[in-house]
Amino acid sequence: MNSSVEYRIERIDRGIKVRSDSIYMLSSYRDLVYLFLPRLLPFAALIVLPIVLEGGYWQKVLFYACIFALLALSWDFMASVGLISLGQALFFGVGAYVSGGLNYYLKMPIFLTIPLATFGGALICTLILVPVLRLRGVYFSMVTLVLPLLLSNLVETLGILGGTYGLLSLSPFPSSLLASYLAVFAVILCLFGFRRLMTEDYGLVLKGIKDDELVVMSAGVNIYWYKTQAIFIASAVGCLAGALLTHYYQFVGRSAFALDYTILPLAGAVLGGPGGFAGAALGTFILVPLSEMLRALGGLRIALYGIILIGALVALPEGIFHYIERKYHQFERRVRI
Amino acid sequence: MNNEVILKVENLTKHFGGVVAVDSVGFELRKGEFIGIIGPNGSGKTTLINLITGFVKPTSGKISYMGKDITGIAPYKIACLGITRSFQMARVFHKLPAYKNLIVPLYSPRVKALGGGKYGERDDMALDLLDEMGFERDSFVPYKLAENLPHGYLKRLDLARCLALRPQLLILDELFSGMTMAEVAATMPIIEKFNRDGLTIIMVEHRLKELFRVAPRIFVMNFGSKIADGTPQEAMKQEEVQKAYLGTEVEG
Amino acid sequence: MEIFFYGITNSITLALMAIGFSLTFGVSGVANFAHGAFYLLGGIITWLLINLGIPFFLSALISIVLVGLLGFGLYWGLMYRLRGLAINEVIVTLAAAIVIIELLRWLGFSGFTYVLPPFVKGSVEIGGVWMDYQRIFLVVIGIALIALLYFFTHWTRIGLSFRAIAQNERTAIALGIDSDWTAALSLAIGSSLSVVAALAILPLGSIDTEIGYEILIYALAVGIVGGLESIPGILLASFILGFAQIIVATFFQAQWLTIITLGAIVLILAIKPSGILGKYKELEDRV
């Protein structure tokens, strides 16, 4: 009886959660609200925000947040196939340079450059990454860390695509509202699309590849082909982010391959909780406004991302989103031991 | 019974560094056969399986399947040709519900080509197959996460994953290790039924009693080579086999 | 002749940069992405101590020990909690590197005022090429360090347990080797080695925070090209890369240096991921 611990916390799934996870019918409005509110709320918020913030400084922040959310979603998608990228800047930079180059040299209009950059850029990224697809774990991460640096140095040394100075005065978006809505819809599409995709049979195969490659292979599935597809999808999303920001800035330069575009999405995804995509989006929507508020810190912000990344990994490895999700779905009560 | 040769292995050899894991093994397998492979630990049984299923590339030798050379081609291609294997340590997707484990093989090009597994049907097919394996469909067992299932179920899940691919040659790597007697007794008839329906089976097993009851033909392996081939009674009579099992080394 | 001498010094420099990183990776499987940050930090601590009036050798020793302790702390403070999740380990070390480097950058440790004194001043003419004594010293230190490390991992008790862990962690644990202690120790030694490298190399130029990332890239390049756990592999790789860099720098623009290095990493990983002399065959043998 000396033990100081007299209680333990017991966690019980809510009944609705149990039913909705499985094959039962939902019967009441309460059930429906319970299930759909967490999905509708962020959706509605994202739709309304661009109008509410129209013209202001925070609309710009929303735009940045969407860009980084796209990168984080793309990271999370690759992570859910077991490919841990440390180089989202590769996707971002390729997308940015493709759209910038098409606009600058070929004078293509913006509604052509963005889709072309999305899919053409994805094709380029996929071709770059296919030779190293067989690498596992840390080795794959090393390559992805190195690749953006390599491309950035190539651009500088060869003097192509504007070299050190970058490509200036690209076409802007017709209006900032359009830009915001493009970014917002891209985020919504990716977020809900990816979540849906992962519960489909196709997504199960991808999850299987993350879990155990050998089993997937012995089940007759070509894992490299599926990994290639996953990289194409992820890099398309990353390239889209790059293309959007390029036209927003009306500039593309070597900074498109900078470490920022790797570390912030990574920090966001880890903070929010990897796996399930909602965490990645949530994390970046917390981090980006936060870092805007801390703009005065200047170069220290990157260090701050690092600290947040470490803190999130050590203190809350499951991530904010999964923590909230757990609390939402469970009763917790103290039980006497 | 059809007597066409389904698998032909010639002079198969695999070196790992200086160790000869499989030493010029050769055999022929006819359609519908049920053979057992036995041998002491480290005698190269699992390596032989890895070689046939393409997980390890042979140093030399040739494997042909239904008259087609499959030496050294990728494992998923071999699986799509209809050779599938279970793993010694049941390997399943731990984070998926048991029945979702079978979606992966049902999604493979092989099952698609055989006309199964259309959109929305795969869950049903998976549950049917698991029902056959003793995961009762109406209970909660098939819906549990695989990581929460006991060992015997995992082994059967692994077997179900193999069968979902509709194989023509099934290789079982110590399927019964770690199963209870009751589980073995429940699983054996399933395997025998598939064998009667024309499935060729290679079974690597340490449980000799159960194996001898079902397998009319036995290989014995020791130090990477095949030292006996015949009915269980014939095989066990050979002096070399008894030595390998009793461990009596001839001095000299 | 010039190419030959500069090639040798450059190669040994690369080997020095890489050896700490490779040791840590080879033993504990931890890819210490904070390697370059430790290198930078070691240089700056030494500079600070010297400017406080502490004699060179003492301040060098202090910074070696301090950074070693930091590496030790990095293991027990962060990585121990994430052990087993290789990916999180990588992310944590990368994050630590970014925190250290960006903090130092913010504090303004860059530029020509931040110069470490060489061990020995002056230069000498060898075969028509003027070489500073520091470069010769660097070559000597590099060779000595590599020899020492080889001796250490092949003949001493701790060194052997390092290799045991590198080969089979579970068996090593069963034999009574504490894998966490060994990993922490390897990280500490790896970090200290990065400072040794910094002390030998930094006097040749001024300190710039950007080198924190550059050193990491060089260490990665040498490690990957040679095979991350093999000391002969590292030597071979640093000679290949070292001479390649010098030749490129002589005949082309200096900017091609980085491209050569980065390109080598990607190329080797695409063709033979375990490196030229590496033994991690499982990277290749599985189809």
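The letters A, B and C name the chains in turn, as written, and every chain counts its residues from 1.
Going forward, a contact is a pair of C-beta atoms (placed from the backbone, for glycine too) under 8 Å apart; a residue touches a chain by one contact, two chains touch by 3 or more.
Note that this is a predicted model, so its numbers are computed, not measured.
Asker: With centres defined as the mean of C-alpha atoms, identify the chain lying farthest from chain B.
Answerer: Result for the farthest chain: C.
Asker: Identify the chain whose mean C-alpha position lies nearest to the mean of all protein C-alpha atoms shown.
Answerer: Measuring from the global C-alpha mean, the nearest chain centre belongs to A.
Asker: Can you check how far apart chain B and chain C are, centre to centre, with Cα atoms defining each centre and the answer in Å?
Answerer: Centre separation, chain B to chain C: 47 Å.
Asker: Measuring centre to centre with CA averages, how many angstrom lie between chain A and chain B?
Answerer: 41
Asker: Let me have the rounded angstrom distance from the C-alpha centre of chain A over to the C-alpha centre of chain C, please.
Answerer: 33
Asker: Would you mind listing the residues of chain A that make contact with two or more other chains?
Answerer: 214, 217
Asker: List, in ascending order, every residue of chain B touching at least 2 other chains.
Answerer: In chain B, 55, 74-75 touch at least two other chains.
Asker: Going by the contact rule already set, what residues in chain C reach two or more other chains?
Answerer: Within chain C, the residues that touch at least two other chains are 286-287.
Asker: Which residues of chain A touch chain B in the complex?
Answerer: The contact residues of chain A facing chain B are 22, 201-202, 204-205, 207-208, 211-212, 214-223.
Asker: Can you tell me which positions in chain C touch chain A when the two form their complex?
Answerer: 31, 33, 78, 81-82, 86-88, 90-92, 94-99, 102-103, 105-106, 213, 217, 220, 224, 253, 255-256, 258-259, 262-263, 265-266, 269-270, 273, 283, 286-287
Asker: Which of the residues in chain B end up touching chain A in this complex?
Answerer: Where chain B meets chain A, its residues are 53, 55, 74-77, 79-80, 84-85, 87, 91-96, 100, 103-111, 119, 122, 143, 161-162, 164-165.
Asker: Taking the complex as given, what residues does chain A use to touch chain C?
Answerer: 84, 86, 131-132, 134-139, 141-143, 145-147, 149-150, 153-154, 156-157, 214, 217, 259, 263, 266-267, 270, 298-300, 302-303, 305-307, 309-310, 313-314, 317
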